[in-house]
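Two complexes follow with chain A in common, the first pairing it with chain B and the second with chain C.
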Partner chain A sequence: MKNLLKRKGVQSLIASLLCIVLGLLLGYVVLLFINPAGAGQAILAVIRNFLNVSKANLQLKNLGNTLVKTAPLLMCSLSVLFAYKVGLFNIGVAGQYVVGAAAGLYAALQWGWGWLPCLLLAIALGAVSGAIVGMLKAYQNVNEVISGIMLNWITLYTANMILSGVTEQASPYTLHLRGNADQAILPSLGLGNLFNKHQYVTIAVPLAIILAIVVLVVLDKTRFGYELRATGNNKNAAKYAGMAEKRNIILTLMIGGALAAMGGALLYLTDFEQWSVGLSSVPGMGFNGIAAAFLGGLNPIGAIFSSYFIQHITAGGAFVDKSMYASQISDLISSIIIYLCGFVLFIKYAINTGLLRSEERALLRKQKAAAGGNTEKGGAS
Partner chain B sequence: MSADTMQVIQQFLLLLQYTLIFSSVLMMVALGGCFSEHSGVINLGLEGIMVIGALGGALVMRYLPADASGLVMVLLVMLGAVVFGLVYSALLGVASINFKADQTIVGTALNMLGVAGATVLVKAINTASNPDNPSSIIEYGLPRQNFLVTFKIPVSVEGGGAERFLSFEFNWFLVVAIVMLVAAYIVLYKTRFGLRLMACGEHPQAAASVGINVLKMRWSGVLISGVYGGLGGICYIMAAVSQWEFERGVAGFGFLSLAVMIFGQWKPSRIALAALLFGLLRALSNVGTGFAALQALNIPGGVYNMMPYVICLVVLAFTSKKSRAPKAEGIPYDKGMR
Partner chain C sequence: MDAPYAIEMLGITKRFPGIIANDNITLQLRHGEIHALLGENGAGKSTLMSVLFGLYRPEEGVIKKDGVPVQINDPNDANALGIGMVHQHFKLVECFSVLDNIILGVEPTKGGFLQKDAARKKVMQLSENYGLAVDPDALIEDITVGMQQRTEILKMLYRDNEILIFDEPTAVLTPQEIDELMVIMKNLAREGKSILFISHKLAEIMAVADRCTVLRKGKYIGTVETKSSSMEELSAMMVGRNVNFHVEKKPARPGETVLDIQHMSVASRQHKKDAVHDVSLQVRRGEIVCIAGIDGNGQSEFVYGLSGLEPLKDGKIFLDGKDLSRSAIRQRSILGMSHIPEDRHKHGLVLDYSLEDNLVLQRYFEPEFTNKAGFLRRDNIRTYAERLIEDYDVRSGQGPVTAARSMSGGNQQKAIIAREIDKDPELLIAVQPTRGLDVGAIEFVHKKLVEQRDAGKAVLLISLELDEVMDVPDRILVMYEGEIVGELDPKKTTQEELGLYMAGAKRDEVRA
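So, the complex of A and B:
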């Protein structure tokens, strides 16, 4: 039991589960505070999500919706955790996601590109966006959080301006791909049929999962990944060991940007959502990606589950009784969970000190027992 | 005066009005960030603090009887915003100062929590009073009038017709903002407290070695940023409209204030100038199309909106190597570190 607790993975899992339980509990308290009559029902509705509907085929449809939104979130969280391994906080993920969405949509609607070139363009531009942050960091020592935030907003306004050329008439929403740019819709390869002929479930979902595994392999099994982790653990040590620290910073942020932008394209090239050029704030997907990355214990496989979980409760919010509560209760719960993720280090520290103390106590007991057994006199004095 | 001239003057007055009020918002929030960062805590949650501060003020306006006197109304609204901002910023303080949490995660969480929390709360209030109104809007058309002094200057326009007016709305928040600026300057540079606070952001271990309580100072910095952020929030939502939809947050003004703070190099006087510049750009994106000359240039509003961020990024690129940023910001205080 104790040996199990010592393992880092187990500690991360405990910390994440603790954050989730506390987040749901606090969400429940908020619901109680608003209206105690339906609070239990409402929190169950959030947790159940697609299980709220009784028909099997409708359940599948709702599960499909959740999965469609899980793919981009997973990509964003991969972007965050990849950069974090090198000690970089890629808050620019939110803007890079927008880069991907805008590039994909514009190439599809304006130039009539197919889905693959659209996706590749999104990835390339995302990498450029990441490279800007990376170069500012590597050569000019600009804090990546600050430059990331600035780029988020620059990107949002640019995307709105560019996409206003491809909107529906007298509407802030971009044209539907279906009917206007069918060639740009991601292929389903029969996946949609698994979810009751769900037209939006596409290769995006398996693609995101495959990339999670790729990220895991790159980080854990390659020399490049080793260098990145070494740089993250101790920048100077890595530098003196001959690793190209600057190149690694730039490459990391480029990959992070590419991953996030791919996420944006993976959502908008399904035609599941239309972009509104009236958006006045950077979409929350990237910021949720930060949540998913930390909730998943900064592990790519963990991120698959945490991304799904966050989208699961977000979709679940739609099932609360609207005459009493707002569906944003699930946003509230996710943001509480992110806040609690800030305490993960402390939780791990607490587990470790707890373990250490109990070990010390055990050792002391042993010594005492040994002392007591050997010399009766010594024990009495 | 011809009708055209009058039109142009009116547009200028409108631009001035927007510039002043937006600059006030940016300046107050940026000064808040300045206090927090000088104490050593990066406050990325300013956007969320603004939303919650705005919520506090808006709730006061919703529940205060309409016949309350103007001065009482103004003071209570500001008090509401300050208290909400202060309490909310304590979430950052607990996590980042006492539990040494990552300040970037906590700040990001506060931004999301602010919008989500305010939306849930306002929707609950609205549906409770009227089940058919599940919106996140609070209206404050009447109470807002207490904050405004509207000047109407009669002008005679050639060609006759009815008498016409040039109008200009003066907002009492401009005065509040200036008072808060002076206060920030005096506190930071002229008091023992301010100098100690800044020491904690530069080299906390050195500060501690001469008997300064670093944790207390950092707490003060964070809470003061909550006060400034809350005031900025209520000022922002009352700047131009008489109702606010809390789902929309504060449209990036918290982040824009971070840009103001950086462009102002963490100094109150420069922050004031930076706020004026960025406030003007923001105002241009709102009312710039009213000018024939600007209309001819055909610059989309988005360009004005992004300019502050571009400027800030360029400034950062050239100054970060010898940045004025507090040296120890973002690093949790560790007694044992040298």
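So, the complex of A and C:
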């Protein structure tokens, strides 16, 4: 049992589960404060998400909704964890996600491109966006967090400006793809039928999962991954070994940008949501990607589950009884839980010290027994 | 209180995955003695000291202080019992002053305010009593390694520690500083402090220690009085055979020039003056050339410039006639340069990588280890690592998959040496290659250097170790304040003459 606890993977898993439990508990406490009468019900509603509805058909539909949003979140968390392996904190993920959304929508609505070219354009521009941060870091040593945040804003307003050319009349929302650019909607390949003819469940979901596996393979099994992890662990040794540090930094952030932008396109090319050009802050998807990356133990496979979980509770929030709580409550609860997800590393640390403590106590008992015998002997002589 | 021993460690057993680092070890430290701990790399010395200092918890065994069993769970407990430790890698805060470092954690305060005056007085008193010269207001990052070590010692004394543990204190010191440390340790012992002292240098142990406990592969071999023992006996106890302290080698037969450095200058990070100024030298096939000098005379920067870690300010480097002055590190490596770096933790290893991943750090991109699609060939990496581990006797808990971080210092060094020599370079740059190695391993590494030479390779050795400088190379170049000030023949010169050059008291106009 103890040895099992010492395994890194197991520790990550336990830490993540503990975070979830703590987050739910804290959410519950907050609900209790606001309105004690409905707290239990409300937190259950969050956990149950699509199970809140009773009909099997509707359950599937709701599950489908959650999955549609899981795909882009997973892409964002992959972007974050990829950069993190190299020791870079890609907070620009939020803006890169916007790049993908905007590029996809614009190419679809303005130029009438098909879904594949739209997706590829999004990926390419995301890579460019990442490369900007990467080059600033590599050549000018500008901190990637600072330049990432700035670029997030620039990207947001540029996206709003460009997309205002393709909005519905007298509305801040971009045109629906369905009816205006059907060719750009991601194919479903029959997946939608699995979810009660869900028109928004598309190849985005399996594609994101495949990419998670690709990222895992690249990091663990390839020369490129070997170099990236070496750079992240010890920059000096990587340099000593002749690894092209600057190139790797730029490449990493390019790939991170491409992943996040692909996430943006994977959501908006389903036509599930419309972009609002009135947005005055970057969508939370990218930032939630940071939480999902950590909750998933910085492991691509873990990220699949953590991304799903985060979308699960976010969607579950919608089922909270709005007659008892203000309508923002669902966001509040899910953000509390997401916030707690960031504590994974801390909890891992706590597990380790806890282990040491218990070993210590066991040892103390043993030594007391031994020492007891010894002092007696000492006293006699 | 009349217990004969200040510290007794009885039947200590500490296991790590795949290895018993300490297997039922007994160590008894008398009051006021200097007790040396000797053993091969990975024998378990640092582990045993870490147990005493509360960093590790042993699975079995009892520790007694003055005859009374005690429980040491963390360094705070150790400190409360008067046990202090100077780690091999110092634990000082770089941007703090010497005084602040010494009082860190035990700051005298009054009403929440620091009371530094009393502390300063106590520190100066201690410094005077024991001949530990420090400047209390200097910042750690600005002072020499020797002064940093004196700061560490003062830290122990300031806390009124009576049991002082020194883990390989001399590995990082210059010969002069080592002599000073020996005197300081003797003073401390005379004042009644009890000292545990780890070193691989038998001469040091014979010079200062009263007794010596020997470990081998985690087991207790014995404890001897140094007066009635000899270096030969100690080394035989340690490695189980006789060690040859002298390097056996045939006369060199130098061939054509491999490395040609012309007027090389490297800028200094600290001063306006160049760290390396107008250095020209050649190394030919089949010879070992040693750059000797006191630490901090530009040797590190010279190697950085040569290996490509730092850009050259001026001058040219030719390897086999090819101009590499502006080449990337990878390019130099592919063209036949190997580099055993001075700082194994900073440059030499990715500590969080496994041993096998570290062993291919310079070659992972070769077709043998990466296929055309860019995937690592794990099987080949494993086979290769297993061969190096075998050939170079790199000891660790779990073989190729051991985390480099968990390996003993000496075995980390052996892994780097294996990697760099096995690359079969045209030019081998070896910076302090035997730092932290046991006598057996030193003998082995020296043999390997000579083997490289005899195979027609060029070897450039950079060393602070006088014995090594006199014994291994075919030519000695002395570096002083960033310049080559003399060329000596190790067969004709003496340590005294070498010392004069190193101290800058003598210089020739050498223009190679």
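Descriptive notes on the structure:
We adopt the following convention: the second predicted complex is superposed on the first by the 336 of 381 C-alpha atoms of A that agree within 3 Å, B and C clash if a C-alpha of one lies under 4 Å from a C-alpha of the other, contacts with A are read in each partner's own complex, and residues count from 1 in each chain.
In this text, contacts are C-beta pairs under 8 Å (C-beta built on N, C-alpha and C of every residue); 3 or more make two chains touch, one makes a residue touch a chain.
No experiment lies behind these values; they were computed from the predicted model shown.
Look at A:173: by the touch rule set out above, it reaches neither chain B nor chain C. By the touch criterion stated above, A:240 is placed in contact with chain C alone, chain B being left untouched.
In the superposition on chain A, A:281 contacts chain B only, with no contact to chain C. Applying the stated contact rule after C-alpha superposition, one finds that A:222 touches chain C and leaves chain B untouched.
Using the contact criterion defined above for the overlaid structures, shared-chain residue A:332 touches chain B, although it does not reach chain C. Number of chain A residues touched is higher for B, counting chain B against chain C.
In the superposition on chain A, A:230 makes contact with chain C only, not with chain B.
Shared contact residues of chain A with chain B and chain C: none.
On chain A, the positions that touch chain B within their shared complex are 30, 34-35, 89, 91, 136, 140-143, 145-147, 149-154, 157-158, 160-161, 164, 280-282, 284, 287-288, 290-291, 294, 322-326, 328-329, 331-332, 334-336, 338-339, 341-343, 345-346.
On chain A, the positions that touch chain C within their shared complex are 221-224, 226-227, 229-230, 233-234, 236-244, 356, 359-360, 363-364, 366-367, 370-371, 374-375, 378. Across the complex, chain B meets chain A through its residues 42, 44, 91, 95-96, 99-102, 104-106, 108-113, 115-117, 119-121, 123-124, 127-128, 131, 134, 136, 247-249, 251-252, 255-256, 258-259, 262, 300, 302-303, 305-306, 309-310, 312-313, 316-318, 320-321, 323. Contacts from chain C toward chain A in the complex involve residues 57-60, 62, 67-69, 71, 73, 307, 309, 328-333, 339, 341, 346-353, 357, 361-362, 364-365, 370, 374-376, 378.
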